[in-house]
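A, B, C, D and E label the chains in the order they appear, each numbered from 1.
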């Protein structure tokens, strides 16, 4: 065609590249995390941050699935709690070494996620959410009812040797040291996901999320990439669950309950799923808020609810979206 | 022209309930040919494209590409053997950048002239915008770009000129002609814009009520009274 | 009385500004063509009238009443029917239901189910099938029929010829002319010169989000028209 | 003797067991206010801090840890057994001590017992002993069990079965409903179909109310002898009104207990919370606080380790008479009661019919507990 | 056995009345309304309190009206401003509302469980064969059938019904046909929440009132809605029937896995037919 079709409007470019300022801030935050335990913070703050970083891992997994495949899972507790249960059950019932138990738990959970993805992928949208919820809830019921195995709602205590990976078990059960472990895990996961989403695989899965049929028509398989995303997201959640079990040494079916899955999704959305790091940010905000509210009033539920409503309405692209546009504005750019 | 056919479609049929949207349609395309597929609304043109590309279920008939029977292949596999298409109802990746998605489509075929395709479809200036933010006409050209990149052997285009100005339609026609020669493309073109059809098609197949009404050179078809009555009307007769 | 009037309209999608001062007017019984290349903002003019694009400044009035805020249903209730670009057949409804959706019980006129079926017999045949299960051109007929069901004073058509067979375009042109003769004003957004010429009387040319020229089609040669559309 | 005594209460202030948590809170507040009014323990004031656990074990543990980190190393408040089971193993590491006043799981003073954990209330296996004394006197031969599908409900059902078969009674139907069950009709119908003459109910909170209300509609309560554990509580009565009249059950504590100490307690309670009488868990929690305060007094220290040591084997006067804390498993050795919901002074309330002395009510400590 | 099936019907009826409001709101706003559980609960409490003044039936009317107003407010304050946002965002807002409502109800009415007696003349029992059956339970079935019939007729055959169905899939296009979709959705969401209120009051003589009663029935009604096919009334009806029976007969015959059966039923249905029993409004 001869003539250029000129767009009438000023081009509205959705930034696909992160502004360098954000990258710098990100690296700084990551580093600050590693010195936190030496700053002499009150024990409560540190143990709060430790649980928050595990929740952050779970939320990152959930958010990644939303971002990359468009699926809102209401069942990620199955992978988080599932890995925790696997770890504890193996520690109680098998003679495997502590190391093997810790490594196998997320691996098995991930394989399960991969296998389940073929069932889940038959649906989409709300049906996907509900199907994932049903599967997770069935696991919850199973652990609840199979008393001989998992001791029902009273939960189960982990039994690991005093030393694993050459470290004292207490290393994993004290907030200051465990914080380093879970913080590193979180950082590695986020960096890994950022790289992944910039790769060809990232673009392809985004394309499939957008229009699965057309992706097939331009010559791509669409089932496996989606299954891989689900498995990966399950892996991330199960890493969080493994760390949780290790840290707490005690698990209950609450870890499998739909309300935990729902919470993870809330956190991911509050944090914003457009960026990989949004859900993690959301987790820290949420956990700290809930703790704060819980300290001062028994009406934490209202407070959390109201803040949730306010955040979601005022910042529709989540906390991370707000941060991004703030950064852009400071840099003199336009609001995107 | 050689005597071997690039595409042989025999007995293509699709039913919806009792109603045959496409009924036992057969035709053959030579290498390098641009074939126009025309017919009144609901004649079965889009359905024919669907059946050729394996879209949807309950289809019958055989499709041979360069002698290979591809009737049992999936959409993806058909693309891999060189069959590519555009859609009547715009079918793109709304959240992806225009360049990004065109490059993605090119990747499978190890095709690196995406910039050229973008330029020729006047998409360069808006290539970095998100597809959902450009006008309808622009989106239609993105759809076309997705079909074009990757140098398919056989290109099926479903109303590529719809919504374009006459100028642009004719420019697109020239462009297709050009591509067909340079890339040795074979094209099956569905179009209601007769200027485009008569400008570039080597032969025409006319569908009516799911069946082939007639087939022939453009001038023959144009003069066919049945085609005039059922389809062309006064303007082009 | 002007049925539709835009005065110095600026409009945007989100933060992307698309219209930069569009003024146009359709009087009772007029046949107006709005032409211009892809992406200049023709559809946005329509979208602004139904609140689908954001009016940032200027005025939109239906039947001389300034619309504020602009709401989609007000257009219809002021006697303006729209055949939208891309047809927008409502999924999940049958052909008949799609048509009934368009009807306005309190407006009188020649159009009703029977009249639409008579114009496009295929719609009668498919009356109880899903509207979206028809071919592209058939859906276009449905969209036109749906707009007529309201017996509008002004019919806005956004590229109605798209996807229609040449005969059907001819018929559409003829029926639009008939409609205009019965007093319905028409605002036609088109790329098809034949249709523009056979239906249009006045015209506006748009480029880059504003109206750059207007006049009478009869005063234009085919060459001039072509040039205008390509600015 | 200048530091304050800091008691951390991690309890279910909200959620499905919110009502029980509120009872615990009322009782702790009452006890603390009372002791502070007397000038504290050995001149030390008692201070409390609350954290909500929603009766979820994992949250309970986090909240307990938080309390400990804030210096509230004397813990109480767990509702669900899982909460206490999660906290107990951590007590030594945290250097804390805990007084359980509600959780009934046997394991807490059995296989999972902890040197820092003490239990004021009565465990499931001990309730079974009390049932026996009552069941002996009942003429009904065929019994059904309606339990909550939790460790507690199952335990209670199992002990009832054991007690019943020892007394040549038959169990003809058994149903265990999940927490938060809405519709009990299928269970009720099953019991009616089984031809049972009596039914043993081990349901609590909302489940108990739901069951009772629906059982009444089906005529089960009028037709069968109904007895239960945690079923006959002031709460059930308040909610159900006439429906609950005549229901039998184990009463771990009742405001109707006829001892001077209890009378004084009930009067004082009514002053602080006008128009109310201390309910079951309120009484038991207060009892726990009484013993705890005695232990602190004896230890003359705020160190959890010292307090735990002082509590072991302590013997002291309480609202239900003299009780002792068993060294072997840290279980309070105390009496238990069986009663019935009756009209007393114009209001329905659980009234004690049989008191079971401590030596019968509290079987020997579980061998599984090694302290 | 027959009585057990009848019991299943009662539970199905209750589930259906709760679910149908969800379906209505989902249909129009494409939002899975978590707050629905909260509305059901508030309806029960509002009915409880109003009943002290106006009696059970008066309480029912008050609860339905109050909840209808809450729904209108909800649509105005939440759904409308968020209609262009990601649906998940709106879902989360409704979740927030559920949390707030549970807390507020606990603040006003306390954490204790409350109970309501069946109203005259439905407080007795009838003899069915040799078994006594509570009359009130039969009333629940009757109400469910009435609601089902009313809604179906309205949506199928009235003009408003056509508008609701159209606007649920494409509000803009429906608006272009002269339908004030915002007013329409105010009334439909109001109707949906009014149904939640109705279900709360209807449930109260069966189930004890507590602040957590909403979340405890929410998941089961989600199962009904999804198994039935999102947005489908007929589907929800069938699914409620099925789940009511599965639930009850499960408890009778396979008590150990009964709680998993509805979940498994949903999983199986979705695997076989990902859209549930039905596709759209039907």
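The rule is short, and it goes like this: contacts are C-beta pairs under 8 Å (C-beta built on N, C-alpha and C of every residue); 3 or more make two chains touch, one makes a residue touch a chain.
What you are looking at is a predicted structure, and each value in this text was computed from that prediction instead of being measured.
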{"item": "Lowest number of touching-chain links that must be crossed from subunit D to subunit E", "value": "1"}
{"item": "Contacts common to subunit B and subunit E (chain labels)", "value": "A, C"}
{"item": "Subunit C and subunit D, separation of their C-alpha mean positions in angstrom", "value": "75"}
{"item": "Centre distance in Å when subunit C and subunit E are each reduced to the mean of their C-alpha atoms", "value": "42"}
{"item": "Separation of subunit A from subunit D, taking each centre as the mean of its C-alpha atoms, in whole Å", "value": "39"}
{"item": "Where subunit A touches two or more other chains, by residue", "value": "3, 5-7, 12, 141, 145, 301"}
{"item": "Where subunit D touches two or more other chains at once, by residue number", "value": "14, 149, 178"}
{"item": "Residues of subunit C engaged with two or more neighbouring chains", "value": "13, 16, 37-39, 230"}
{"item": "Subunit C contact footprint on subunit E (complex, rising order)", "value": "159, 162-163, 165-166, 169-170, 172-182, 279-281"}
{"item": "Parts of subunit B lying in touch with subunit A, wherever the complex brings them together", "value": "53, 55, 74-76, 79-80, 84-85, 87, 91-97, 100-101, 104-105, 107-109, 120-122, 124-126, 128-130, 133-135, 137-138, 146, 150, 167-168, 171-172, 175"}
{"item": "Partner subunit A, residues of subunit E touching it in the complex", "value": "26, 32, 78, 81-82, 85-86, 88-89, 92-93, 95-100, 102-104, 107, 215, 219, 222-223, 226, 230, 256-257, 259-260, 263-264, 266-267, 270-271, 274-276"}
{"item": "Footprint of subunit E on subunit A - complex, ascending", "value": "66, 72, 119, 122-127, 129-131, 133-135, 137-138, 141-142, 145, 258-259, 262, 265-266, 269-270, 299, 301-302, 304-309, 312-313, 316"}
{"item": "In the complex with subunit B, residue positions of subunit A that touch it", "value": "1-7, 11-14, 16, 200, 203-204, 206-207, 209-211, 213-222"}
